[in-house]
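Next come two complexes, and both contain subunit A; in the first it sits with subunit B, in the second with subunit C.
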Partner chain A sequence: MTAGAYHAQDEAAMSIQFEQVTKRYRGVPVVNGVTLEIRKGEFFVLLGPSGSGKSTLLRGVAGLTGIDHGRIALHGRDVTFLSPRERGVGFVFQHYALFRNMTVADNIEFALRIRNVPAVRRRERRRELLRLVALEGMDERLPSQLSGGQQQRVAVARALAHEPEVLLLDEPFGALDAKIRGELRRTVREVQRRLGTTTLLVTHDQEEAFSLADRIGVMHMGRLLETGQPQQLYRQPATRFVATFLGAANLLLGEATAPGVRLGRAVVYQARPARNDAVAGSEVVTVVRPEDIEVTRQRHALASSCMGEGVVAEAAFGGGGERLLVQVHAAANLQPATRQEPGLHPGLPSGACLLEVTRTAAESMALPLAAGDAVAVGLRRLHVLPTPVSSFLLRASTAQAVAALRQSPLVAQLAGSTQANLAEVIAAGQPAGAMFHGAGVVVVDNTDRTPADVAALLLHGARRLLCVPPAAALPRRVIIHCPDEALQAEAMGLVASLAGHINAEVSFVSVVPRGAPGAERAQALRRLLDTRAVVRASHGFDLRTEVLEGEAGEQLRSLASTPEPVLLAMSIGGDRREVETALARDVGWLFAPGTRSSLLLSYSGPRPAALAGVL
Partner chain B sequence: MVGRSGHGGWRLREPSVLPGFSLAFGYTVLYLSLIVLLPMAALVVSAASAPLGQVLATLAEPRVLAALRLSFGAALLAASINAVFGLIVAWVLTRYDFPGRRVLDALIDLPFALPTAVSGIALVTVFAETGLVGQWLAGLGIRVAYTWAGVTVALVLIGIPFVVRTLQPALMALDPALEEAAASLGARRWQTFLRVTLPAITPALLTGFTLAFARGVGEYGSVIFIAGNLPMHTEIMPLLIIIKLEQFDYTGAAVLGLLMLVLSFVMLLVINLLQAWQRRRLGLVA
Partner chain C sequence: MATAGPVLQEHGRSGQWRGRLLRGLLIGTAVLFLGLMLLVPLATVFAGALARGIGFYREALIDPDALAAMRLTLVTTALVVPLNTLFGIAAAWAIARFSFRGKNVLTTLIDMPFAISPVIAGLGYVLLFGAGGWFGAWLEERDVPVIFALPGIVLATLFVTFPYVARELIPLMQMLGTEEEEAAISLGAGGWTIFFRVTLPKIQWGVIYGVILCNARAMGEFGAVAVVSGHIRGLTTTVPLQVEILYNEYNAVAAFALASVLSLLAVVTLVLKTTIEWRTGLRGRH
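On to the complex of A and B.
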């Protein structure tokens, strides 16, 4: 979707619109810049782990929780500042929240009684609703005389009584047992289909999301990471988090090559390029679903491309299918993209890689396998994540300094949340040759560096460089500065992949010279807004925008001089001298000892000479 | 140790890991007999020794009837006032957080701890016509001290902890989703309060009301100072009983005592039945 297409969409066809919605608790955003549009009649499911902000967002629609920033509209009507009463939504709570002193009939008629609807019409509507939720004849029961599933049915009927435009459900099946949950799920889906009410449901259960949703939005740490149809999100996730949260996934490090992706010793051919910005030779993260792995006794029996050989470490019967844990031998050189915690798999030989495999009952019947059996492993399908963050490489001059980097709040948070590999390099002085071939994000300490050092790192292949003051607290704001428009796409991708893992608000700033003509300011603003729309469409990520006047270095410095630390993200290009000059001019102050701000650089200049020769 | 099992047998409502029914029940009976039933029986016996004519004559005394009216009327009024304002106080203490909340919370228990005579004297100094509030009220032509209004004020003071302390846990246990549900269904604030919140806390409110009322009927210490004790006007039943005792009319005192006992018991029983019915309606008891 381009910026133009986004604006051209018919507002009236939209049922719920969130625009840059942010909610903070004690300064920490729990809902962070969420922008989302839900179509009329759509069944949308917000999926996320507990504490991801999904319920807060839902309560924001109903007006039960106020928001600090942004706008919420229902059918084109701005409801941001309306009371819950005036919003005309139906809300279903996890623990039913039925009025215990009223009968089922009185509960359902509550909204109508409030609106002074005559008794005859109330009774009619009540009968109709009870039929809809399959509770006919239960009118005079008290909630205490109903089972949990029946109570939740009453709650659904009650929420629909006043014919709301929007139905909101907050973990409605969470308190029910599995069988009842399935029945109620079908009822809710059926009711929604029949009435065509726009429905927004919150859950942490991915199976529930898959079975109900027209579209799913996955939330994590207050951000809406991705939205899409269930199948699309499952097969082509854009982020590590979604890949692992929706179903099981093996994340493997690969290398982008001209014909496809290299995984260890095997090359998997792909019709489409793995990632638009993935230059051949760069490291990528691939998602391999357990059902996309083929297992046979012999290598030649594989119908798909072979990844290597190994042994079955574990076989577990799972009813309709079977789950295997296959330990692929070190010779295959498979690199997991997630950190393997030491001690989690004792006895795992170094270099070996554990793969999760699921097989259908028919497959396991055709080839029964038990722990200890030797197998060959083939790959039917893989998906390459568009994220530029494949792994972290910590670089410092002493082991102590590396450890300090690893323990810095920002690195610890990123490593913990992404589960990406952390490699360490102890090296003094400036790099020589192409040191960082293919590496993901290189992390260094910025308190003992100079712009010249940093320029040298960038030019020796550390194209994504994170400079962190080890002692600084987690940044609460991310500020993006991209003076060169041609370089901004890559920087945005990098920021989008990292910012989802820290609780920070992101703003995109443009600095125009003081006293610049109006046309120049207008152009800067237009570029910010266009970029915002593009970033939103391609990364599902919302930015705040700001045009500042003056000198870039000075303005950035004043933006960063807040009590909370800041992460400054910049794109940079050119040869060594240009890089050095730009760094010294715009962010020279960041390298002073005692600085608390971090710097994220995305370099798109010429590749190191040594590398150019190789490729 | 579960008692006799089987249909209609005495036993625990639900099997528990801590049985010992027989022992606990034995102590309960003994304890209640010694502390409650025996003194009551003594009262009944001494009242019963009086000839029926004397009993009826005592009950028909205008002074007795006036005292009865004042004692029960003032206690009822005070408990009602406490039900309203105690609810507001409990609401403020549980719903909001403000500086000094803990101090205010501790203040509620003060009437429990203070000797009742002390609170009585304190009330007189404030509400007498020369007192802090009394002189201001006197300006408006309202007399509190030495009138039935003074009696009510004293009973309000000693009754307030009962209402607040029984309502607080009920308000805290109230599911906030109930009020949110009502609001999302279109109810205004007062509609939400009247239709949803109030019915949910009514059992606790009734309990508080009952306790405050029961305490008010029997209260002596704090009332006699502010009441003025004018026969036929501001004389409460407990005082009348003491007067009878001081006149060595033990039978008369016992008759009046028994009368209060019966009236209180009947009223408490009615309120308790009302509560049980309410609870059944709310589905709190299977």
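On to the complex of A and C.
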């Protein structure tokens, strides 16, 4: 079989395909570069908080909302510009949207009547559908004479009447109470199994997603962050957001070491290497699920590796299990990776760390615990997030300047959305030694800096550096420029981790010299497309690509001279002189008072330890 | 405790009594006022109409001028109400369903006839289409009479009854939302099918309600029509104008007889309106 034929077959097996779908409202992307493929017969759930763009995406499939960019295909047929009636989908709305002046029978037969199906066939189909949703004999009722659950059953039957290949459901159980919701969920799942219709359901309820989905896609701020089977997403999330949105999670800062991960004083050995290319010594974010923590009275009774000792701060009975809050003593040196709101836990000693623990009924029966009991805490399993954004370190010469950085729209947005720790350093002049070794993202103000300052920071271990003009508004575009292919991977990881937290569109730019031969341009384009494929595979993240002609500094500058501020992301490498030259040449214009664009640098070069002697 | 209870109760009882008195007083004043200002004049109309017996009453109604006035009123209404219904549905659709530049301006324009005195509206048409008006000469050349003829009367009535259907439908359509229409779209329905099978049935009572109000106003309009009609007896006098002419000629009984027809119409409108309010639960919105 040739590659082409294989590809065609692959296309046909796909029921819904989204390619770089973007929808903007007043210039702000509400659906941002979503690329996704849903297989034939699959039950796919789009999960996300309200306002994450999931409903807009769903309405885009039905053609109820147009899209500004990208492509949507149903069964290999491009429907982006087709009218809703030509798409042949079934849609179920949150508030049922039954035709109030029509009986149940007329509602269900509506799609068939439009298609001039003879009355006998219509009646047959209606009976069949009413049996399917367990509403036999309700034909002559009006919607107002039915309960909410019954109305939604009618809506499901109505959406299936014309035998659509794709069924779309927009928060279909949102307006129902818990018991009805469960029943209807089972009905929908059963109907889907029996008919084999590709189904796309939108919800904000993770329990609903777990119980229905073959695969889940998590959306946040218009982006599709991750897709996967429920269990895989729960056990091995790739982003902070997914880790905390799908169930409860303790996020702890750790340090990558050769044998595993160091959490405070304890080193946890990992049989399987973390999906993280973090070099030994760098800071990582770990996810510890509440059920993966073991508590015992005595340290030696732990069956898993010990993290430290503490006391039970709170014990709550939760039906099938028990939820504990354990306060681990400062001696264990556990660092939470999320900011602890000062007022949230009054009386928490500094350095102590609160862990959420769940125990099964059997476990709590074997070892009853109450608030105040001393316990030892062990860790059965942990997961390391591949994100390089473990924390932020704000650095400026005065306390006011640090405060200005903290309040800048970009930093406030990133900190609020990631919930990552913000540390502050007040220091003037050049850094000394490897002071940033292993830190997360260092943040400085670029309006009072020179390329030489920035080069010094990069070489002293601030390998991920964000330069922000404190007064600038939130960037609406992210432009990635990676002249050196070898350094690309790290920059992409950094952008992928941060871009999910700002409402901005991302494009990847390559600049070829003016008048370059066609072959060179073609090669640049091919390289961009390859990069796009790699980023999609490894970060689940889609980019737009652009080839520009001319001199890099000039081209980047003109790209950034839009009314909306821009975040420019660059990878950089080499020694001090090389770094300085590259910065001055390509982004020198960014270091001037009054600039509104931000700069995100990812540095790969000699590590500070090796440099220490040289400096 | 033993003493506090009764004291409180007594206090409560006197408070209750005072509240009841106040309520009675307010209702009484309102009823008295309405009776004096509305019902008594209406009753006098019927009393005056029948003052010289039923025979005279009938004669006053079948007088050729009176019949011509009634015909003109009916023709005007028959033209105005459908036009304004179409316009009202279209405007309400546009305002409730779409967001576009100048939407607020359009909403304000629809309300303008409420704010402008009908006489001024009539005058405006005279200045536009009258003999010395902007289009007057052009119209005269082509022998198209507007002012002092049926077209002028229809135009003036159109202006005055412009907002009734639209004003009724805009809030109704906004409240009902667009989900049903979207459902119809997703099921494959086209624009006209959606309008006639989904939207129109959904807003039908609102339309009927607006039509009734529009109809009542179209039949009863005086000011704007008075300016453009020219009071040509038997030709350009509508019922309200004919009533005024008769009254000015001291033919009070005939005037009252015609007036009673208008009043009856008002009563019928009121009954229809109330029935619809009761049927659809629109009560309390006006």
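Note that the second predicted complex is superposed on the first by the 597 of 615 C-alpha atoms of A that agree within 3 Å, B and C clash if a C-alpha of one lies under 4 Å from a C-alpha of the other, contacts with A are read in each partner's own complex, and residues count from 1 in each chain.
Keep this in mind: a residue touches a chain if its C-beta (ideal position, glycine included) is under 8 Å from a C-beta of that chain, and two chains touch if they have at least 3 such contacts.
A quick note: this is a predicted structure, and the numbers were derived from the prediction, not measured.
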{"item": "Superposed partners subunit B and subunit C on subunit A - clash or fit", "value": "clash"}
{"item": "Subunit B versus subunit C as contact partner of A:Leu64, first or second or both or neither", "value": "both"}
{"item": "Which superposed partner A:Gln145 touches (first subunit B, second subunit C, both, neither)", "value": "first"}
{"item": "Subunit B versus subunit C as contact partner of A:Leu529, first or second or both or neither", "value": "neither"}
{"item": "Touched partner set for A:Phe110, first subunit B, second subunit C, both or neither", "value": "both"}
{"item": "Which of subunit B and subunit C A:Gly90 touches, first, second, both or neither", "value": "both"}
{"item": "Partner chain(s) touched by A:Ala412 [first = subunit B, second = subunit C, both, neither]", "value": "neither"}
{"item": "Those residues of subunit A which subunit B touches in one complex and subunit C touches in the other", "value": "62-64, 84-85, 88-91, 93, 95, 97, 99-101, 110-111, 114-115, 155, 158-159, 161-162"}
{"item": "Touch list for subunit A against partner subunit B, complex", "value": "62-64, 83-85, 87-91, 93, 95, 97, 99-101, 110-111, 114-115, 142-145, 155, 158-159, 161-162"}
{"item": "Touching residues on subunit C, where the partner in the complex is subunit A", "value": "179-180, 182-190, 193, 197-198, 201-202"}
{"item": "Residues of subunit B that touch subunit A when the two form their complex", "value": "175, 177-178, 180-188, 191, 195-196, 199-200, 281-284"}
{"item": "Sites on subunit A touched by subunit C in the complex", "value": "62-64, 84-85, 88-91, 93, 95, 97-102, 110-111, 114-115, 155, 158-159, 161-162"}
